[in-house]
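Chain naming follows the written order as A, B, C and D, and within any one chain the residues start at number 1.
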Amino acid sequence: MNNKQNVGILGATGMVGQRFIQLLENHPWFQVSWLAASDRSSGKTYGDAVRWKLDTPLPPAIASMPVSPAVPDDAPQIIFAALDTDIARELEPKFAAAGCAVISNSSAFRMQPDVPLVIPEVNADHLALLPQQNWNAASQQRKGYIVTNPNCSAIGLVLALKPLEQRFGLRAVFVSTMQAVSGAGYPGVPSLDILGNVVPFIRNEEEKLEAETQRLLGRLEEGKIAPLNAKVSAQCNRVAVEDGHTESVSIQLAHSATRQDILAAWREFHPLRGANLPTAPAQPVEYDAREDRPQPRLDRMRGRGMTATVGRLRPCSLLHWKFTVLSHNTIRGAAGAALLNAELLASRGMLLPGVSVSPGTSA
Amino acid sequence: MNNKQNVGILGATGMVGQRFIQLLENHPWFQVSWLAASDRSSGKTYGDAVRWKLDTPLPPAIASMPVSPAVPDDAPQIIFAALDTDIARELEPKFAAAGCAVISNSSAFRMQPDVPLVIPEVNADHLALLPQQNWNAASQQRKGYIVTNPNCSAIGLVLALKPLEQRFGLRAVFVSTMQAVSGAGYPGVPSLDILGNVVPFIRNEEEKLEAETQRLLGRLEEGKIAPLNAKVSAQCNRVAVEDGHTESVSIQLAHSATRQDILAAWREFHPLRGANLPTAPAQPVEYDAREDRPQPRLDRMRGRGMTATVGRLRPCSLLHWKFTVLSHNTIRGAAGAALLNAELLASRGMLLPGVSVSPGTSA
Amino acid sequence: MNNKQNVGILGATGMVGQRFIQLLENHPWFQVSWLAASDRSSGKTYGDAVRWKLDTPLPPAIASMPVSPAVPDDAPQIIFAALDTDIARELEPKFAAAGCAVISNSSAFRMQPDVPLVIPEVNADHLALLPQQNWNAASQQRKGYIVTNPNCSAIGLVLALKPLEQRFGLRAVFVSTMQAVSGAGYPGVPSLDILGNVVPFIRNEEEKLEAETQRLLGRLEEGKIAPLNAKVSAQCNRVAVEDGHTESVSIQLAHSATRQDILAAWREFHPLRGANLPTAPAQPVEYDAREDRPQPRLDRMRGRGMTATVGRLRPCSLLHWKFTVLSHNTIRGAAGAALLNAELLASRGMLLPGVSVSPGTSA
Amino acid sequence: MNNKQNVGILGATGMVGQRFIQLLENHPWFQVSWLAASDRSSGKTYGDAVRWKLDTPLPPAIASMPVSPAVPDDAPQIIFAALDTDIARELEPKFAAAGCAVISNSSAFRMQPDVPLVIPEVNADHLALLPQQNWNAASQQRKGYIVTNPNCSAIGLVLALKPLEQRFGLRAVFVSTMQAVSGAGYPGVPSLDILGNVVPFIRNEEEKLEAETQRLLGRLEEGKIAPLNAKVSAQCNRVAVEDGHTESVSIQLAHSATRQDILAAWREFHPLRGANLPTAPAQPVEYDAREDRPQPRLDRMRGRGMTATVGRLRPCSLLHWKFTVLSHNTIRGAAGAALLNAELLASRGMLLPGVSVSPGTSA
């Protein structure tokens, strides 16, 4: 027997669902006790339902678990949700209304005013929005909620920007992405579209990247998030990379900063130091001084996939500074992001809904 | 017998040299009569010396030609040069001094004040610099020269910018590139560096792209090129694409322009209309309205590889407009660029040096 | 006005359908007058219905054509069919029953005893099966038929084998394929399955490759095809190549043959010489003596995609000889194969059904 | 202080040298104390000399080590050698003559009669050849030796064959490989040769694969290796995969075996059980029953890269059985292979030369 908390996974057979299972194997605090997927999979064992696409083995104990229907009846109170947007919009409120803590990777509610969009190192204080949520008007006894993490293209960028915004202020951001195919799920991008090719379009991605960046860097003021007043312009491209989003970034700061100032801001960025969250990397933002780094194949797994690697810091002739940032899109940009959110909530006693979600417990 | 002009190729065995041979096969004005390469190849037949990497057959007549030493002794008067920068710096002046018209794809002399850096559709008037060149102080009877074309990453961008600069003025450009491996020649980029990967660094490329863009869009004033007074900021990346450079671009115009204005500027850009240059495409800049275009694999061969394809025109929250531009890096961006320069010179009677290069013949 | 024959395309929006349109543009004998696709596309223009994935432009005249329902009512008498197997099994007989010549790329009827499975250079005499077909028992006045071409993995192999089988007899074949993703259509192979990967399985492919090879090399005896009495063992793999199937082959001959004998057999294989079929390549099987050829990226377009390139002929320590063969899977292996079949039929006066299909006209 | 044995790496900056460093980090028995590379690197720190291409960080303690000249003077007694063949032919005997145990990944001496070519699970008894070696006629007091592991394409194949050869005898093998680019080192395969392509040629690879397979499965008889009397025919191809060689195999057995017999032979193959070698995988040969496995991207890291994965067992119409085998070419096929050889030698007291290498200690 152990005293780990049971967690469930909604959308367990997809690419992000698989990453949840991989990252939760041997997790010190959580154990997977419930898996749900589409009706097509329901009733099968997980091993029969999934097309496992990761290069670590599917844990046998998970393989033999049944796939449950995506209803909250027998679900545990903590739910990791890896659903497509439309389905998330329908299902996540049902689980919240049933009293679950829904740790969501979907974009469905990210911009809803009372739903925190959180990167633990960046804006943990936004969790204070939680008590505003009211998914189940009828019952007050067991209050569920939804917490979201950002789009996979936003999270590396914002990790790199936060230490700079904090110290020097941020006026403008230009970002051009080269995104991995795993970001589109499975089957996702047809091979005929990406072999030897670039696709300069990902539906709704530029809008999300721009708006989420402003919200994540925004301030909590009188119970609302005031988005950062900085212009963000994004161009999103798909490239023939399996995992890891690479982004060319140019920024304008509010206050001048030298190269050494910026490197120090990144190096000294340790907002979770002392929190001992199992999934948190030792170094959330790591600068690589080699002239041709970061690269997705070589750098995406730093910090077990949770570190954002920056490189090529140099002056910009148009704004102030240019650099490249890379992060793993299905770990730091999806399943790992949600898992770190759950760990943050747990460390603050906010994870089991109905017990501890109250204004007094937020950061 | 025909009355085509004999031309030679310096650096004939490299990737760009091979493209010259491909593009000159069946050319209506020129025929290859001389091939030179490094000492290692000299003395062999071209067929034995080359590792032919194009998907059209090596023309048998070329395969059996001898590879000459890279000296001007028996070279024809018109030389296409596809040399690495260091070698170009040494050899091209020797050929110019010997009275050759050196149509160069190298970066060695692009920024030298008296050397025209030319895209025929963009700045043919810069050819007026030619009479300033003086490679052979001793002799005046047969005066050679060097004409250059831009870097493969600059040419598509500048083709897209020129019609806009012309009509609306241009204040600032942000460009992030995703460049094909053929731009690095052969063997060039190791496969271990690019399979499933992005390399966010190409040596000297950002500097060239920024400076050449300003010079190409600059004005000829009192015998000098005044670079365009616009800020250009470039980020250059290598991706797993064989041919075709894709670029995410954001621009600030001097005068406001609607979407229709911009589309019209591109559509109506026909500066070579009537010139009947064999390699000039019917449409130098072509807009594709599909949401996910241009793409290198599908669009690089438009206009037989000489058209720059633009797409995804949309407002930029930071500057004014964003778009994507694509062009074939070894055709429009290298061998085709030089060939079009030669055709331009020929159409103006300026190609055979010593006869017609005089101030009176420039545009 | 021209006097080209009208042809229709069934399954016009798929990858092979698109190749038909590309290959039929400017065809000297045929012109596309009718396009059909699934109900989802029916009623739209072709330009709206298709996701055009080829690197030559969609011909404007085709783009504006309506997509018809897949019923024979208004279809022309000559139909190129590029349908999935299940749909072909249902639809092709309807068109044959309505009096159409159905030139099919599908596997649905390839092994049916009275349906010729034909490569014009290999077994044109199998067309003699045609009069046995009887798709419409009721009517005798306008008799349609179905003619098929082989699987994309079989056609290059059989082209390479036929000249050897003819001269030296063939006892056994071992073939291991590395097949391009375009063979699976669009969307087809997910990019997550093939980037940096090999998939050692293509459903039903090995069975087709083995059985079709024996049938194609079989003899017509008393109105039936006696498959070649040679063992064929196939292993089929998918690799990260856009177009072009590469195959490692090992063979046992009935009679000994020297290297020169084999090269001569390939070089002198010109069974269509004099037939003047527009799509037939000058050299159906071309040997490349370079040590590292054939390669799909460099050799697939030989003979405008209709030539099978062989290379690396060397002794086999287990059977007799080993070699590599390459052919373009959507041209020679699909649309081009069907088109050449139609040209063969036309050249023999057998294309317009009901007029000339009689035993007397077969080869 | 620890009591690990010091080991050196010859050719430490290459791809296999890097894998040695990665695999030896935290090794329980060995620690890297000496690194040598070409003269170009000598004198630098390893961190400055290497272009680290693995996705785990270069260990800082290794990065700061100096690169020594490739001479035995200060080298430890145990040397892992990752040299190109020509250099290995020159240097390895010098280290052996100086008394070192040279654990070599090179092909230079693999076929020399007195040099064991060993896979611990397959032919550990071949180590009995060691006392025949005599690299330093002058001295007898400290006797060095060379032990080799097979070519990266042979090792997975032979692991899959050995359990079958043992139980059922082996008459013939046909193998067609699809090999990863890392097998060619760095820079190795130019990206222009492999993107969207297959190269059906790897110099000397087929010869090595055929001969090494026979020798590895051969018997030690009267102090000599009698190669297995089975025909082996190999075809070697390079594909666009970073790591992991996939091979299509067909075999003829001496005695008939059912599918279950073969699966049992693989499942029950545990020749190193009980030896507790740190690098040995729990399951040297693992069968995956899924229809489309093994695949390099998903399966190469099984057993930390030391397991050979087999799949797709099915009857062969030409020989008896067909299957696919996959193994990691730079772990199981190179650095891990050599490391396992060293562990085997150490477990038998044969690793420190001059002390324990005597006929009495061999298996």
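Everything below uses one rule, namely that contacts are C-beta pairs under 8 Å (C-beta built on N, C-alpha and C of every residue); 3 or more make two chains touch, one makes a residue touch a chain.
Just so it is clear, the structure is predicted and the values come from calculations on it, not from any experiment.
Name the chain pair with more contacting C-beta pairs, choosing from B-C and C-D.
Ranking B-C and C-D by C-beta contacts puts C-D first.
Indicate the whole-number Å distance between the mean C-alpha point of subunit C and the mean C-alpha point of subunit D.
Their C-alpha centroids are separated by 44 Å.
Return the distance between the CA-based centres of subunit A and subunit C, expressed in whole Å.
48
If you average the CA atoms of subunit B and of subunit C, how far apart do the two points sit, in angstrom?
41
Using the touch definition from the top, which residues of subunit A touch two or more other chains?
53, 193, 195-196, 240-242, 297-298
Select the category (line, ring, star, complete, other) that matches the graph of chains linked by touching.
complete
Show me the residue ranges of subunit A that touch subunit B in the complex, using the header's touch definition.
By the definition above, subunit A touches subunit B via 172-174, 176, 178, 193, 195-201, 210, 231-233, 235, 237, 239-242, 246, 248, 250, 291-298, 311-312, 316-319, 322, 324.
Can you list the subunit B residues touching subunit D in their complex?
Where subunit B meets subunit D, its residues are 15, 53, 181-182, 186-196, 240-242.
Please name which positions on subunit A make contact with subunit D in the complex.
53-57, 195-196, 242, 297-302
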